[in-house]
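Should a chain be cited, it is by its letter among A, B, C and D, assigned in written order, with residues numbered from 1 in that chain.
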Amino acid sequence: MLQALREEVYKCNMLLPENDLVKMTSGNVSGRDPQTNLVVIKPSGVAYEKLSPENMVIVDLDGNVVEGDLTPSIDTETHLVVYRARPDVFGMVHTHSTYATSFAVLGQPIPPVTTTCGLIGGGVPLGRFACFGGETIGHEVVNVIGDSYAVIMQSHGVFTIGHSASHATRVAVEVEEMAKIAHLAMLRGKPIILTPEQIREVSSGYVNDYGQKK
Amino acid sequence: MLQALREEVYKCNMLLPENDLVKMTSGNVSGRDPQTNLVVIKPSGVAYEKLSPENMVIVDLDGNVVEGDLTPSIDTETHLVVYRARPDVFGMVHTHSTYATSFAVLGQPIPPVTTTCGLIGGGVPLGRFACFGGETIGHEVVNVIGDSYAVIMQSHGVFTIGHSASHATRVAVEVEEMAKIAHLAMLRGKPIILTPEQIREVSSGYVNDYGQKK
Amino acid sequence: MLQALREEVYKCNMLLPENDLVKMTSGNVSGRDPQTNLVVIKPSGVAYEKLSPENMVIVDLDGNVVEGDLTPSIDTETHLVVYRARPDVFGMVHTHSTYATSFAVLGQPIPPVTTTCGLIGGGVPLGRFACFGGETIGHEVVNVIGDSYAVIMQSHGVFTIGHSASHATRVAVEVEEMAKIAHLAMLRGKPIILTPEQIREVSSGYVNDYGQKK
Amino acid sequence: MLQALREEVYKCNMLLPENDLVKMTSGNVSGRDPQTNLVVIKPSGVAYEKLSPENMVIVDLDGNVVEGDLTPSIDTETHLVVYRARPDVFGMVHTHSTYATSFAVLGQPIPPVTTTCGLIGGGVPLGRFACFGGETIGHEVVNVIGDSYAVIMQSHGVFTIGHSASHATRVAVEVEEMAKIAHLAMLRGKPIILTPEQIREVSSGYVNDYGQKK
């Protein structure tokens, strides 16, 4: 069932440790099937090297397990709140990636300082503290994320969204890298913030000119 | 003898270099068998790539080698002091992991700044300087660690404890990551400290809701 | 066609992730054939693990694809502006490497602080902001780079040039490492800047005495 | 000829990239044979993945190549000056490791802040600037290193010595790690410096109690 989406979500989950965005079993990626609205998500607390396309868990938008023997990610309800509120979102990622989280524990958004912010939608806004695992944190993500593809939650970590699991994963990688560059620069001075026009220009470059034509 | 525990302790030792917590031959993990009170521990000064379940050393609580041709870790007495004082502890880890040790050389505890502190028991307290290898450092660990699963020792490094070797290893990974995030944030401002109630909430989340049901 | 150059440019592209200079599909290396003036360059937005000598794209100096099924790098026009203006340049690299880019987002050049600056041509000058993908950024590279083998572009990243793709790649690695060392030192004090005479001395050492004689 | 020493020096050279102490072709390890006083050293400018025990170069104490088709390391003369002046030294390592070099570009010694300084001989003293590749830098190493196993040279990098190539390599790894921990701590406060008595105590622990008995 949903074999192609299982493969994509599995591969995206594996990109989290490959890009050094997670420790041990933390972090998770999900993807939503446009036909059925079913969501494929990582199981809870399973080591990355034991993941496979087959042990991803399939849930419906109400959180019922439709296929899979394992308990889905503790953050499943958070993903589902976002999918229910945002019909345009088909992929979602959660990490505690180090540099982005250093902004989260200061209660500061991540400023748009590099041209790669065109992949993120500009800077990364900050949501309020809410314990992981419930609906509350999902609603806060929805309320705060706005037109961005990413949000950091106070004292916690990063959530990214996208047109697909792969898209949201790319955003998660770029958020951490921009956070690291911003951090380094902020230690030595005041980084130059991209203007709204520059953000539009680089966003357009990534959307219209980058990559292979389908 | 104790084959399952040998395998677990071996795997946990290998997680130290895999998670970049150690250099060369430093660091060690032990586990205690609940039936016999025997302790399986890494041999001293052996390269990680030469470790195997078979060359782990088995000692009794008095430090006599019960099985094994190699000299056990120089920190064995420290582990044994903790096991004798804390019948609830069945696994222990020692590292000099970089960011946590940067707190140790400043003589500062690590503040609870991320939701993952729920895995650690809150912040990480600081013990006084004592040379490695003796009983003194073990008693200081016992006196200072309290309800936490981790302690840092001044000018030295980290000791973590747990319900198993795997548990203590997970804690050692999370201590280093929280130390890194705290360090980064402290360079740019004052990180938000989790309240005791928030720590209880995230701890309960990890204990009760996280992972697969046994 | 140009099989040896394809191999070299492919290998140099792979050195970017191997040296942790790029994330996901960002970054690119090109090389120019001295006989034909044709340029071999990485395709746009293709994952590094899917690159091969065969899927590198060959373009002429006007940007026409001469061989290859894929769209060339979005930065191709930038490379071509440089090749047209600098007949002495036969290799070029672009990255967003982290520490060098932290200087770029502050609008600061990278100072020559280590003996390895002999491989770079001294410090790394700074060019003004221009969106990626067009001729403007190429002209800025040409105008600013002067006698150096490297330039950083404001809010963006690094461009390096060389006598070959391999040479420019070596420079890109050394730029990031010198940027990291400079950054670390600048957090604790004022790094000692190499004098012009010292820069000449170390440059001469690398050019005349280093490596195997051909 | 000297096959065992070739193997040891080769393995130690490979530990430099494995421990992230070098970039591209920089860095080198040598070892001296106690019987013949011949020195085995890395060839100049050869990629680490192309090194083998067979392509290490053997030179005598005057720098004549005794066996090998390749040009020896550009730092060979520096190693030989040290071997001639210090009959107790049988291994030597040179790196530009990042954190240690950040002290070198500030013109600051590395303070003894962790118990692992017992492996280094305490803190790491600082030598004056001298271009790589000549005798001058070797004499400065000899003059400054004193009772330590390591020295950093201004604006340049690290030299370590030992009773064997393996010993000097271990020291090189620990120097970089202690430099990183000292750097991190110095950004947030004043690290506690180990007293001479504490240094003696931890040095004795590593020499007398650590590792397997021969």
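The rule we apply is simple: a contact is a pair of C-beta atoms (placed from the backbone, for glycine too) under 8 Å apart; a residue touches a chain by one contact, two chains touch by 3 or more.
Chain identities (UniProt): A, B, C, D = L-ribulose-5-phosphate 4-epimerase.
Predicted model only: the values in this text are computed from it and were never measured.
Note on connectivity: the fewest steps through touching chains from chain A to chain C is 1. Common partners of chain A and chain D, by the touch rule above, are B, C.
Taking CA atoms, the transformation carrying chain B onto chain D includes a rotation by 90°, reported to the nearest 5.
Using the average of C-alpha coordinates as each chain's centre, D ends up farthest from chain A.
Taken over every residue number at the interface, the positions common to chain A and chain B amount to under half, indicating a different-residue contact.
In terms of their C-alpha centroids, the spacing between chain C and chain D amounts to 31 Å.
Chain centres here are Cα averages; for chain B and chain C they lie 44 Å apart. Within chain C, contacts with two or more other chains are made by residues 187. Looking at which chains touch one another, you get A-B, A-C, B-D, C-D. Contact residues on chain B toward chain A in their complex (touch as defined above): 19, 113-116, 170, 173-174, 177, 180-182, 184-185, 187-192, 194, 198, 201-202, 205, 209-213. Taken together, the chain C residues at the contact with chain A in this complex read 23-26, 43-46, 70-71, 74, 96, 98-99, 101-108, 129, 131-133, 154-157, 183, 186-187.
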